[in-house]
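Here subunit A shows up in two complexes: once beside subunit B, once beside subunit C.
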Partner chain A sequence: MLNFAVSRIMRAFLTITICVTSVFVILRLAGDPSDILLPDDTLPEIKAEYRERWGIDRPMPEQYLRFLVAVTRGDLGVSFADGRAATIVVAEAIPNTLLLAGAALALALMIGIPLGIFAALKHNSALDRIVMSIAVLGFSIPTFFLGILLILLFALTLRWLPSSGTETWWHLVMPTLTLAAGLLGKVARFMRTAMLEVLGQSFVRTARAKGVPRLPVLLRHVFPNAAVPLLMFLGIETGLLFAGAAVTETIFAWPGVGRLLVSSAGSRDLPVIQAAILFVACVIIVCNLAVDIIHALIDPRIDTLGAKAQA
Partner chain B sequence: MSLNRRLFVGGAVSAPFVVTTPHAFAQTDRRPTLTVAVAELPKVLEPAMELNNVGTRVTYSVFDTVIRRDFKSQPDGGGSKLVPHLALSWEQESPRSLVVKFRNDVKFHNGDEMTSDDVAYTFREGRLWGEKAEIPGGRPFFGTLEAVEAIDKHTVRFRTRAPDVLMEQRLASWCSWIVNKRHYEQVGIDGFGKNPVGTGPYRFTRMRANEFMEFEAFDAYWMGRPTARRVTFREVPELSTRIAGLVSGEFDLITNVPPDQIQVMSSYRDVEARSVVLANSHLLTFDARGPMTSDKRIRQALAVSIDRKKLVDALWLGKATIPPSHNYPEYGQMFLEGRSLPFNPERARALLREAGYKGEPITYRTMPNYYTGALDAAQIIVEMWKAVGIDARLQVVENFAQMRAPGQQVGNNSNSTRFPDPLGAIWPSWGPASDFQTSKAFAEADAAPFNAAGRLLLGETDQAKRKALFAQMLDAYEDACPGTILYQPLETYGVKKKVNWTPYSFFFMDLRADNLSFS
Partner chain C sequence: MSAAEPRNGAVASAKPTAARALVMPLSIKLAAGFLALMVVVSILAPLIAPYDFATQNLARRLRPPVFWGGEWTYALGTDHLGRDILSRLIYGIRTSIAIALAGTLIGAAIGTALGYVAARRRGWLDDIIMMMVDVQAALPAFFIAIAFIALIGSNLLIFIVLVSLEGWERYTRLVRGLVISEQAALYVRAVQALGANINRVNLRHVLPNIAASLVVQMTITFPWVILLETTLSFLGLGVQPPGTSLGQMLGAGRNYLLQAWWIAVCPGVVIFLTTLCVSLFGDWLRDRLDPTLDSNS
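Let's turn to the complex of A and B:
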């Protein structure tokens, strides 16, 4: 088990390194931050001074080496825009993203799983089709469009909910609905498929033939087996949920990491972009790593010693 | 006690009242609050660090300048008359020395009296104009300073290295906000940026990065009690969210409304669009290093074959302004009457013939969204050029580096009027220290007559001679034609009709009592 965990952690570390390096190179090829951050008729000597201050006047390999050395000390540089440590700028936004993504994840699971189970139990009925249509609508409708629709309905027409900000719990409602809609639909569909697959297994038939009532069969035999692939699926989707909140956060002026990433990319605030990408990469990798390890723990078919998986 | 449905519903209904009751009791000030939704908030509130549209619309309410530009001296909000502000009076002691007498009734937000020590501290070498100044962006404004000396508690002498006729303009610019010395020394530049102390009508209370900045009325303000109890600037990057929030009543004022949304605004009963033409011009640049644009006749042909009125009508609902070149009415006595930016296709064809132009391609690079409407304008201009026989090839690029990479012949840019004088506008934008000249896009030989007139203007104090030198500069610029102005764009705000507030031709948002009231 230890070897398994170590190999996964090493792989995660390699992934982060590749990700951060790619971002570092691409950002520096994508234009000079002084052109964006300073007024467009700033004198060249003033621009040169800022470029020197930000360290982007040096050759790229030197910048990269300095960056790597600094990263080992936990220093991701200072924001070009306000001179604060990039880690602090990103850390300030993390709680908002965790709150929004956490709420969306909880909502998606609380509604998506029961819907999926219900649809599987009513397989091929009208109710199944209705539930699945709602699920397809949920993940087909673009986040941006849904967000604007909700604002038009709840903020502009009904005036029930605030359109932007984080002041109260009411501010959380529309961003959560917007962000959860896609995942909810996917969870419902995935749960339904997984349930149907397990329901058709011989051990379920056997249990029913032995006279075990329907509910215990579902709770003790079907759901735990259907939950394993769902867990794998959620590992990837949770990471994407945290990373993909950028659009929702921008629409609802929710000051999370996604919006910080968008605004920093717009202003070419390289240290902040790097720190934000590092956070997002870490979230995705940690989620996947956690799922890998949990999967290995709960599924006896996964051989953590490297032997071939049992059939 | 168990929680049943009735108890839960009762609790939920009463919760908002319980939560807000302390505020209701504490609330004795009956002045309204003002919430402004902006596309972006400044990162810091050190006023000289944020010399841009995003920063100055906030800092204008927190700080005061030494002298004030009275935008309201013209009905369109573009007045340029200089009036006393923190300064009671000023006197040119010698060509290189300006003595300024300050008011003695000005308090900072922390209760300190404003004295000449604060002024000298604000304009110190290490902050604004020295070789290693903390804020390099201060040098274009105050690089001429040699010393700033406190004469007595309320009198300060500004000494320059050479005669500087623009010192009053500089002291009215967005780089001359007075900061509190004691607080600045206590917290340093970074701390000050997060917790500023000025003398303006609103006192900083709190901020949350990328979310909001909140200010309360500073009732000891020397110009009188502010009309809003509290002002909050809220960052809402998405335009449709800003508009929805304005209509639903969450916001009283929103910024950055594009021209195509002006009609949308007017369709709502209690909301309206208020626009002002900015002291900023969008323009095209012609790179003298390009194979075709190295010939000034071709550059001139490019300039005279643009029908600017059509552009303004099509893209700006006819509301943007076409200035008479780099020559704006706000220059006052320096404004040159009788000039224009001509549209003359016949002249363009003649110039092209003279230059031997045979339809060789001319590369026109533009960024799609950096300047509002730039791509639409480019597509129209290419057609206008085609009509006179110019084969312009449009390339859409992502950033300035790509735009200025070898091969560019035409690009886009904007020029701001830092202060209303040619030396505060065309000279820093196109003079010897500008990017255009250092990069040779404005070739040395072409620029020589322009530079010669500009250098003379720098040292000239006689008004009539200054104006003549400006005319020479502008003639030289138009003859060399390193670029041409398209128009001055429109800045539009969405405002609740109950809010009586006038936008200015600069990015400042004036929320002082004489420009903000509520119906």
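Let's turn to the complex of A and C:
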């Protein structure tokens, strides 16, 4: 188990290194970083000092090493917008993003899992079809369009909810609904498929045949086995959740990392973009790592010695 | 893949297979019809658009659509610059569909080629390609596209290549797995024993055998590519004015929700219906073409 965890952690580190390297490569492809990373009206002396500090005249491998050292120190440059360190600007936005993503994830799981279970238990009934139709609608509607429809209905027409900002808990309602809708549909559909697969297994039939009542069979055998693929699925969805959060935050003026990333991309505030992208990449990679390790802990079928069991 | 088989087998046996293969339910007919309409509209855009999509007329700005008290002159109303929304919608559909199709095809071609190379060469090349697959699978194309556009800037060509990043790793995984397993299949070894070159075997026998899975994967990827294009354009990072795309129209209409909701809602409805119809049609196609595919992946 320890070997498995260590090999997974090594892989996560390798992936993060690849992300950092990609940022470095893309930035060098774009040309002289002192032209790109500094505002246009920078004085020549400051530019020269910057080139000296980052060793831009030095050979590529040395530049790359300096970049790696700077990243590990959390030194990713200074925001053009207000002159503060890019990492601090991003760090201030992180709690808002985690709050929004956490609320949406909780909502999607609390509604999506029961819906999927009911649909699977009433397989091919009208209830099943209605739930699956709602699920398909949920993940077909683009996040930005759903957000705009909610603003039109609840903020502009009915005037029940605020459309932007973070002052009260009410401000969290519409962004959470917007971000949760797609995930909710996918969770319901995935849970239904996972349940149907487990319900068709022979150990379920055996348990029923030897006289175990329906509910204990569901609780003891079906749910735990259906939860494992759902966990893996959620690991894959983390990245998309953060992508959706970027859109949702922009629409509802929610001051999170995603909105920061989009607005910095618009104004080409490159140090902040670097920091935000690397933060998002790290969160996604760590979530996937956590899912892999939890999976190995709860599912004895994983070959933790070979460490290459699930490709 | 083998895990998916019993499940699909169980579902398939619920209905007679012969009837399932022939009958197209009403919902699928409607979805296919809508998609055909979208394709026709994008091909015929210059002929059927009543006005030029970029001509401004400030005297006629923010006119409502005909079902909201407007006139037939501007069937879907006008936007904040007095441009005809119907015409913009038609051209927006053209741009979005063209970009999404190009992106899907490029992604499929790159992903398939990499998967094939990985399966044929194995070794370190395989390791590197699968490493790239893992990185892409962890980090959505959305973030890579934003980073790239922000750091380097964008034009239409770069933008198409960036949206093609959506889902290429799926093709690589799929093709790699299928080619490896097909190459172990008896018929491939038989043809090889008869003296056929391995590349010829792959081209003539393996590729046709995995083509159905590739088509199915493309119906899964296409809506994602449309969503990526419209999302980036919505955020102002994709198609730039004076060009138009569905996402860009929606993004521009966002500032006029109170006075003129139709600017944003019209393109939004088209995007929603398109992704919905591709999903429905893709699901249906998947059941017929490739019963071994996991319908949720």
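The definition used in the following text is that the second predicted complex is superposed on the first by the 261 of 311 C-alpha atoms of A that agree within 3 Å, B and C clash if a C-alpha of one lies under 4 Å from a C-alpha of the other, contacts with A are read in each partner's own complex, and residues count from 1 in each chain.
Here, a contact is a pair of C-beta atoms (placed from the backbone, for glycine too) under 8 Å apart; a residue touches a chain by one contact, two chains touch by 3 or more.
As the structure is a prediction and not an experimental result, all values here were calculated from the model.
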Touched partner set for A:223, first subunit B, second subunit C, both or neither: neither
Partner chain(s) touched by A:236 [first = subunit B, second = subunit C, both, neither]: second
Which superposed partner A:148 touches (first subunit B, second subunit C, both, neither): both
Touching partner for A:156 - first (subunit B), second (subunit C), both, neither: both
Partner chain in contact with A:193 - subunit B first, subunit C second, else both or neither: second
First (subunit B), second (subunit C), both or neither touched by A:81: first
First (subunit B), second (subunit C), both or neither touched by A:251: both
Which of subunit B and subunit C A:265 touches, first, second, both or neither: second
Doubly contacted subunit A residues - partners subunit C and subunit B: 30, 36, 148, 151-152, 156, 250-251, 262
Interfacial residue positions of subunit B with respect to subunit A in the complex: 37, 40, 43-44, 51-52, 136-137, 139-140, 190, 193, 208-212, 234-238, 240-241, 244-245, 247-250, 398-402, 413-416, 428-429, 433-435, 438-439
Residue numbers on subunit A that touch subunit B, as the complex places them: 30-32, 35-36, 38-47, 49-50, 53, 79, 81-84, 89, 92-93, 148, 151-152, 155-156, 159, 162-166, 250-253, 255, 259-260, 262-263
Subunit A residues touching subunit C - in the complex, by the definition given at the top: 11, 14-15, 18-19, 23, 26-27, 29-30, 36, 124, 136-137, 139-145, 148-149, 151-152, 156, 189-190, 193, 196-197, 200, 233, 236, 239-240, 242-243, 246-247, 250-251, 261-262, 264-266, 268, 270, 273, 277, 280-281, 284-285, 288
Subunit C - residues contacting subunit A, complex: 3, 6-7, 10-11, 14, 131, 134-135, 137-140, 142-143, 146-152, 223, 227, 230-231, 234-237, 247, 250-251, 254, 257-258, 261, 264-265, 268, 271-272, 275-276, 279-280, 295-296
